[in-house]
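For reference, the structure is listed below as structure tokens.
Note that the chains are named A, B, C and D in the order they appear, and that numbering of residues resets to 1 at the start of each chain.
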Amino acid sequence: MVVKLVFLGRLEDLAGVGEMAVPLDGGQRLADVLAGLPGPLADALRGPKVKLALNGALLSPGADPALADGDELAFLPPVSGG
Amino acid sequence: MVVKLVFLGRLEDLAGVGEMAVPLDGGQRLADVLAGLPGPLADALRGPKVKLALNGALLSPGADPALADGDELAFLPPVSGG
Amino acid sequence: MGADVRLLDAPFVAEAEIGAFARAQGAAGGVVSFLGQVRVDAGAGKAVVEALELRHYPPLTLPGMRALAGEALARWQLTGLMILHRTGEMLPGDPIVLVCAAARHRRDAFAAADFAMDHLKSESWFWKREKVGGQWRWIEPRPEDHADLSRWQGA
Amino acid sequence: MGADVRLLDAPFVAEAEIGAFARAQGAAGGVVSFLGQVRVDAGAGKAVVEALELRHYPPLTLPGMRALAGEALARWQLTGLMILHRTGEMLPGDPIVLVCAAARHRRDAFAAADFAMDHLKSESWFWKREKVGGQWRWIEPRPEDHADLSRWQGA
């Protein structure tokens, strides 16, 4: 299965891409995906001010949802506003 | 000499005209001009909410200025705003 | 910076005035505008207004508007201020008043436009009458206008 | 009454939008609009911004704007509400955001536009970067934005 990661704001610069497709065996959770990323990026994504959305719905802080094929996980740093 | 009276708002309806030229012998004051007008109009012009302007400058309440030829006296009822 | 203050005896195009004002405000982050127009329909339980007329007294009206603009400029950090007001007879849908305030910080622009409107509505030298059922009647001041004005006193 | 809420990825003509909105507001006495544009000059002691870019996250941004519009409609007596917001790259002088609120009573229109702007500025899903000296840099949230927002809490 494949999940899509989306990086907003300065997280995009850090990741080097705006979106990334991550192939998984299945059965993994969010924490597993983060563990597979380069350390500095994973640390930034785990930052206390970074919010997460799974398929367009915001997750509660600390949530570690199971992932399914085609899921989209967005990493949202503090907004700079309109 | 002649002074011009200007009636604003509903005072114009009461006076029947927006402006009126009043010929005077000279030496008269505001109170004299009012005394020479029809009673109901004079009463309305003396109303406590009516402000007066002489040649475009507001008068203090109760002022009774001497008048000179060509003076313009405006009677200003409460404004209804913009 | 001087304000653009005009008393107009013929219809004006509010959007064109707002556009020209905003284009001139290169330094401003924000432009707040208030447009007051003659209502097309009546309020609930009210008769339809066929026309509105604003009379003024030239020696006082425009000088009063200029003084108001000066007060707003002194009170807030603005990069531009425009106050346009119609006089004469207007039809439903016609613009009556347009206030535009531009500022680096939008809070200043909002406050200045709000302040100018409150003062125009309650203190400016206009007498208003409405035509309803073919008959003209003078409009009395509204108590709310004075309540609005008191918001700015002592502030 | 539904609100007109749009996310635009190309330049828009603010005055034309304000004009169309105001013409549709026959029942409203007052239309308040806020236009935010990319500043043409820099602030004192600041570098000139050559371009501004707003990124968004489509699954959240427009739904968030629609929820904000719904909140304003529930909170004030409005006859119309429009919220337009640019995304993508903008040049100095380009409009970024336009909020128009129309109401029978101007106090409602002022409050709704002010409320919408405070929330767009601090809570909406936009990430902003500026190009200065040929280099792009991300803009951090401003503490004032959160102070502005607190004005509406518990009110």
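For the reader, a short list of remarks on this structure follows.
The rule is simple: a residue touches a chain if its C-beta (ideal position, glycine included) is under 8 Å from a C-beta of that chain, and two chains touch if they have at least 3 such contacts.
Note that the structure is a prediction, hence the values are computed from the model and not measured.
The most distant chain from subunit D, with centres taken as the mean of CA atoms, is B.
Centroids built from CA atoms put subunit B at 78 Å from subunit A. We define each chain's centre as the mean of its Cα atoms; on that basis subunit C and subunit D are separated by 23 Å. One finds 28 Å separating the Cα centroids of subunit B and subunit C. Computed centre separation for the pair subunit A/subunit C is 51 angstrom, with centres defined by C-alpha atoms. The set of subunit D residues touching two or more other chains comprises 36. In subunit A, no residue touches two or more other chains.
Chains touching one another, given as pairs, are A-D, B-C, C-D.
Residue ranges of subunit D in contact with subunit C, taken from their complex: 13-16, 18-19, 22-23, 25-37, 39-41, 43, 92-93, 104, 106-107, 109-110, 113-114, 117, 148. Subunit D makes touch with subunit A in their complex at residues 36, 54-55, 57, 59-60, 63, 85, 96-97, 120-128, 138-142, 145.
On the side of subunit B, the complex with subunit C involves touching residues 6, 8-10, 12-13, 53, 55-56, 58, 72, 74, 76-82.
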